[in-house]
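First subunit A sits with subunit B, and in the next complex the same chain sits with subunit C.
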Partner chain A sequence: MAHPSQLGFQDAASPVMEELLHFHDHALMIVFLISTLVLYIIVAMVTTKLTNKFILDSQEIEIIWTLLPAIILILIALPSLRILYLMDEINDPHLTIKAMGHQWYWSYEYTDYEDLGFDSYMIPTQDLAPGQFRLLEADHRMVVPVESPIRILISAEDVLHSWAVPSLGVKMDAVPGRLNQTAFIASRPGVFYGQCSEICGANHSFMPIVVEAVPLEHFENWSSLMLEDA
Partner chain B sequence: KVGSENGLRLLGILDVQNTPCAREAILHGAGGSVAAGLLYFLATSRVKRSFDVGFAGFMVTTLGSWFYCRMNNAKLRVQQRLIQEGIKNKVVYEGTVMDPTKKGKAEAPSGPS
Partner chain C sequence: CVQSRLTLHVRNDKMLAIVRKQLRNHPALIPLFFFIGGGAAMSLLYLARLGLRNPDVCWDRKNNPEPWNKLGPTDQYKFFAVNMDYSKLKKDRPDF
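Up next is the complex of A and B:
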């Protein structure tokens, strides 16, 4: 999860997010070098004693500052497009979960084998147990098996919402009347937090998403328990 | 990332401590910059132009070191994923006809008695 005064991304919990982190580092280094170059040029221009009022053109520098940005853009675009298409791959999901956005909670349906569905409300601050996170905990977590491709079908019952979990590298709008699809693989067991990412009313900030990735055996036990409770 | 809020951020943006390859690239760039600038100055005795050459050396060395390190890291990541898949499949296929360690020891189909 996020920690106070955090500037960077959360640790990756899915292969796609790992790739996004690496691409971000790559792009940031390029941005850093360009910023350094601009800073150096500004300092050089401010401190120079040279003045030449009769410079009209210079083919060499024109070529340099045309080709160099083009090369830089290609260096950024190629890995970017690679990740873009990587994110669209859906490779034979093991499980399909439907996430429906409501004002102001999420509901999850696991209907592949049995009819399992439950609502996920935020735990109010006054009801938090010691060690739980304010505005992030939910009463029922979306439990998924670890290392399994999961397909999520996202929609909404009333207004626009958005299902987002930063550490999994997933964000998809929940649009009423539309079914959006995304997929992820949780690379490691853990609890991953997200928050609704589309303004949806008074309690938009109070409908978090909690994904719990567990080994398959634990997932099966959990789903059996949930079906018994239902 | 552990300690990312305490990491040194060059120009306020580049976290050199927690970004893989960043620290090495910047250090190599600094070394390349000093070397290039110094050599040019020794050859020409032009101070201002030496700073320009030194800065160009910084850019080229940093970029070169960065891409070289990232390329190696990417290759290692691919190998790591292949190994992980191999280990996972080994567990899944172990004892079955698809077990690669059972080549040559595959059970022969039983013939008519």
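Up next is the complex of A and C:
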């Protein structure tokens, strides 16, 4: 989850998010280098006592400052396009979960084998146990097996919502009347938080998403328990 | 800026001669033509590929009305496959 005064991304919990982190490091480093160079040139221009009024043009420097930015842009574009296509790949999922957005909660349906469905409401601040996170905890978490490709089908029952979990690198709009698909692999066991990312009314900030990745046996025990309770 | 003043209001065949003369005096324009021209060519080629190969596009309403319903389980319709070998996928949907 996010921590106070955080500036960067949350730690990656899926291979796609790791790739996104590395690409962001690459692009940000290029941006820092260029900005430092430009700042240095500005300071040098402003603080020099030299003046020269007779240079009109120069072919060599024009070639350099056409070629170099073009090469830098290609070096940014190639990894970027690779990640773009990587994020869209269909990766033969082991499990399909439907996430439906409502005003103002999410409901999850695991219908591959049995009919398991439940709602996930935010835990109100006055009902939090010590150690729980304000505005992020939900009463029923979406439990998934770790290291398995999971397909999520996302839609909405009333207005636009958006299902987002930053540490998994997933965000997909929940559009009423439309079925959107996305997929992820949780690389490690843990609890991953996200919040609704499309304005949907009064409690838009109060419908969080909690994904809990557990080993497969724990997932099977959990789903049997949930089916008995239903 | 060097070009625009000289190439406005001139016929097409004279434009090439004028550009060639400018290139001789300002060879720094060559990388510019190369990258801008290359970028424009790549964009147009990708748009053409999208228009002709994307299964979401329907050109012939009579003979091929809904091409998005004809996708096979091993079709790769995206331009680039990073990690996935689509020919290995199996079909697990019922026919209808």
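Everything below uses one rule, namely that the second predicted complex is superposed on the first by the 230 of 230 C-alpha atoms of A that agree within 3 Å, B and C clash if a C-alpha of one lies under 4 Å from a C-alpha of the other, contacts with A are read in each partner's own complex, and residues count from 1 in each chain.
One rule holds for everything that comes next: a contact is a pair of C-beta atoms (placed from the backbone, for glycine too) under 8 Å apart; a residue touches a chain by one contact, two chains touch by 3 or more.
As the structure is a prediction and not an experimental result, all values here were calculated from the model.
When both complexes are superposed on subunit A, subunit B and subunit C end up sitting side by side without clashing. Residue contacts after overlaying the shared chain place A:62 against subunit C, while subunit B stays out of touching range.
After superposing the two complexes on chain A, the angle subtended at the C-alpha centre of subunit A by the centres of subunit B and subunit C comes to 80 degrees, rounded to the nearest 10. Looking at the superposed arrangement, the partner reaching more residues of subunit A, out of subunit B and subunit C, is B. Of the two partner chains, neither subunit B nor subunit C is touched by A:51.
In the superposed pair of complexes, A:7 makes contact with subunit B only, with no contact to subunit C.
Applying the stated contact rule after C-alpha superposition, one finds that A:147 touches subunit B and leaves subunit C untouched. Once chain A of one complex is fitted onto chain A of the other, the partner contacts of A:126 are absent, as it touches neither subunit B nor subunit C. By the touch criterion defined above, A:29 reaches subunit B but does not reach subunit C. With chain A fitted onto itself, subunit B and subunit C come no nearer than 12 Å, counting C-alpha atoms only. Of all the residues in subunit A, the ones that touch subunit C in their complex are 57, 59-60, 62-63, 66-67, 70, 81-82, 85-86, 88-92. Residues of subunit A touching subunit B in their complex: 3, 5-8, 11, 15, 18, 22, 25-26, 28-29, 31-33, 35-37, 39-40, 44, 147.
Subunit B meets subunit A in the complex at residues 1, 4-5, 9-11, 13-15, 18-22, 25, 52, 55, 58-59, 62-63, 66, 70, 73-74, 77, 81, 88.
Those residues of subunit C lying in contact with subunit A across their complex are 26-28, 30-32, 35, 78-84, 89.
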